[in-house]
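What follows is a single structure, and I will ask about it in a moment.
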């Protein structure tokens, strides 16, 4: 099952070594410990150890880390013969992306005297950016080589940092949990890439593009971890104190409500009332995506629940009715249905964020306004203007994602990157040593 | 394999949507951010960010959350053809229960000026209450529809909150890790429900009521997570400082000792000395249950180990000798053996708590008495009286659980709820789309 | 498949009960709550709750705990018919070792007025020591009875504590993440044990000494958890503040770089360019091992990446070329290849630590020197001397590990301990009740 094109003997080592060596050199030249990780700097000032940002954010970081490596990785193991690649390529491109993101994000908004200063917050941001790449990975899952994925990550991280810089720094957009910067961006970037990589004869691999019993259980590990730790994700980089606390709680209730609407919709849309694992594995998470922007705001618990409730409905409907249309009419082959989990719920989250921002009042936020809407608190803009900024940011994100995906999609078409042929997509055996036992086991 | 009765096409959506809409309305009317999650309230006072309860309790909360969704969910995947339902229904009823518990617990002990105030502590308490429902789920696993489970959760959460209110608020009982409120309550409630739902012809599904190799490995994921995070569970809502620290440590040693006695007893009670996965998956956890009440007390490390050691022995003996008797003589069909993991160890924990409370002295507790036994510290009661209260609380809990289970069991017998027939219990295929591949794989 | 020798009916209960009863008695006599877990002592002093060490270290502890029980346990489930034993014996010997380690480590460096004082830091140290035993378990996996493993743990924990005492207390060595004390010690101890237990006819079980598709996916759960939480492992007992923060970050980048070199090397060394799951599951973790000593030092981010990059290369080369030689020439049958994951990367970590220590300057460390190199800060030794101490510590560790493994290996050869015969190694069925279904499933 190996042919010359997909043989990774030289391609993969070359790209891994070149990328890592470039990373090491750039880190050597540009990256320094920040004040909280540097032995000398930290001890220069007179502060208590518990004021170190490590204690505020490291538990959240670890939860995010689990989402990136276990959550995304195992969520994609639902395919019957693609578990090694799902977890394994997820692992590889995440390990690369978090290093590259440290540089790109640092370059755009972490420079101090010509150096990029890093600590737990930059680690979280790097993981966030990585999440965006993994969302795009979901759209092209099973149809790309690891070399293609590394090239995609290289460009996508860069564009992510540009978009993030425009939104958060230039426009003053608020998007702590990344409904726009992470989910909308990652989804539409990936959808455009998979559109460009459209395979008219993909039905030759159709028999492998489905799950078996235990592969669905492995995928549920990913789902449940994403679901549980989404409150940590959305609150990981909000301001200390009430902000982290409130964001986590809003997300918790949004997800809980989303789960009920997902189960209801899954049974309702099936002709025999049976639940569909695809919906449970994915749509139940849409509440986390949709609370990504407004989660830190005074969304209220019941507001969060409404958002989650709607997100679950939209997401199941997307899987059931929209995905087949996208594939047939628009030629978008979206393996994991990222449009339903990250795309539409991300847009919903952006809209909810814009509305919630527009109606923010000093009466509700008090002195907490400066944490959530610093530009409103400082009088630089008023709340309705902030709402407008939020809405405009969605448009910017969609534009950069789609344009970026277009360009990167064409780059990935270069045959040198070793994509599998149409007859052997969704198959671990191309890129991995797989023991023969597997064949008898899963057929 | 679908017949009209078990078809969830309308039943499940109707109950999910009605419940969630009621929840949203009640949250809208009754629930508010507390002082630590509200932007305005938190900033009114002059405190440091690290004083926010989020930093004391959120890591514990996340560990508890993992126990609820991964721990309970995967522990129950041991059945060969019921993994989707185990993880999936666990997910559904937990997502509902935590919302409903927020309201019920808030109603009984979280009201401030007519509003329920919520934050990380209420989130932990809601997860705790959810744990109780999931214990009951274990007793009826494989024999109930998701609609039945939601109805059971609705009533059980309510009764849980009543019992908890009587114990913690009216009586002044101490039960931080819930040996009584969570484990004893959940177990005996579930045992009574399964008694009422007794199926004389359940042996028609007997061939599915067992594990296969990989289903046992999936179940070990649940076991190990429950085991690892039980120290966080028992310490999640104790007082800050030494109390959380001590409770976690006591539980850690109780569990370690329990594991050794479990392995010893499992080999000893097998005619050929082979270990039984059922014991390892369950009995090794009994040390956490049994340290639920006394864990926060000055139980001492070796005291904790004795408790765990005994709990492991009792639990294995229960699985080996008592469960068959309960099924044959008392007609209690306890799928997961919750009587052995939560029932008897819960009672043991309650007794240990009563004794430990009764012998508490100012000499041992010093000024820490006010955290562990506030009523004793204030002079309202003496230690031996506190011990009596603890013992009485066990009786109250058993009474409410058994009576509640009796009533709820009869409600669940209504045919409209879509229970599976005796011939197709322990079978995912009734409620889930299952690919045909599974049949060849696991038969 | 059971014969008299491997029947655990009496052997396992006897050793479990005797060990646990001895532990309880020794804990009763020797162990006390420390100042942060004792109700009276903690309240004697006037401090804020957030100063309790619980809040600095408990999240790290839980991450370490996950590595020990899920990480090591599932990493070893790669064998097709040995999953129960991998997770189950890992569970048993870890539960024993952490109790015994509390006593041994307490005896050597935790005595206060004749009592061993315990808290979260001792819990982490006990888990660390347990990790060392589990590394040795990896070398003998599939070829030992649970009784042999408990006996091995009994001796290995003791010797671990002796070595740790010599290094950390007598010599003043720095080794926060245990490149030497944990990884080098555990690996070479285990390698010597497996050398002594050499089985010339092990090829009779060769067909079971390999993976199947889903067993490799289970193993990836272990790998990914180890990878994600290694930053917590290395930083768990460093000084508060910048030290924990920096150590976690150094490890994070070391692991990321290691992952890229592992993937590159795995493809490069395969004749058809296919990735080998053994490499991904193991070598990608070598960056964590290699950052174990220097992680807390001012290694710099790019320095950490170089270390990880090299560790991945060394480790894959070890699996590919050195392991077969060790087995054929030196008769070392190393089931999990611990020499490649813990042995060589541990030595690399020790050397990196020695060099980094030797070049430490006040200019770089400032007042932080006292946390990282207290003996250098106090003027007791200079940096180059500290480097020499570090190098000498590696030699001491290797000596104690090899000599200890030699003696313990001979003890384990006693037939009473019930080792499996050469024809039934790597087989759960000897020690576990395994349902018949498994046979048809995995053959």
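Descriptive notes on the structure:
For clarity, chains are labelled A, B and C in written order, and residue numbers in each chain start from 1.
Here, contacts are C-beta pairs under 8 Å (C-beta built on N, C-alpha and C of every residue); 3 or more make two chains touch, one makes a residue touch a chain.
Worth saying up front: this structure is predicted, and the values here are computed from it rather than measured.
At the interface between subunit A and subunit C, two copies of one sequence, fewer than half of the residue numbers in use appear on both sides, so the contact is built from largely different positions.
Rounded to the nearest 5, the angle that brings the Cα atoms of subunit B onto subunit C is 120°.
Separating the CA-averaged centres of subunit A and subunit C is a span of 33 Å.
Across the assembly, subunit B contributes residues 50, 55, 59, 214, 221, 441-442 that each touch 2 or more other chains.
Here subunit B touches subunit A in the complex through residues 2, 7-17, 19-20, 23-25, 27-28, 31-33, 36-44, 49-50, 52-55, 58-59, 62, 65-66, 69-70, 73-74, 77, 83-84, 87-88, 91-92, 95-96, 98-99, 118-120, 123, 146, 214, 218, 221, 430-435, 437-438, 441-442, going by the rule given at the top. Considering their complex, residues 50-51, 55-56, 59, 63, 80, 210-214, 216-217, 220-221, 224-225, 227-229, 232, 240-246, 248-249, 252-253, 255-257, 259-261, 263-265, 267-268, 270-277, 280, 284, 298, 300-302, 305-306, 309, 363-369, 371-372, 441-443 of subunit A touch subunit B.
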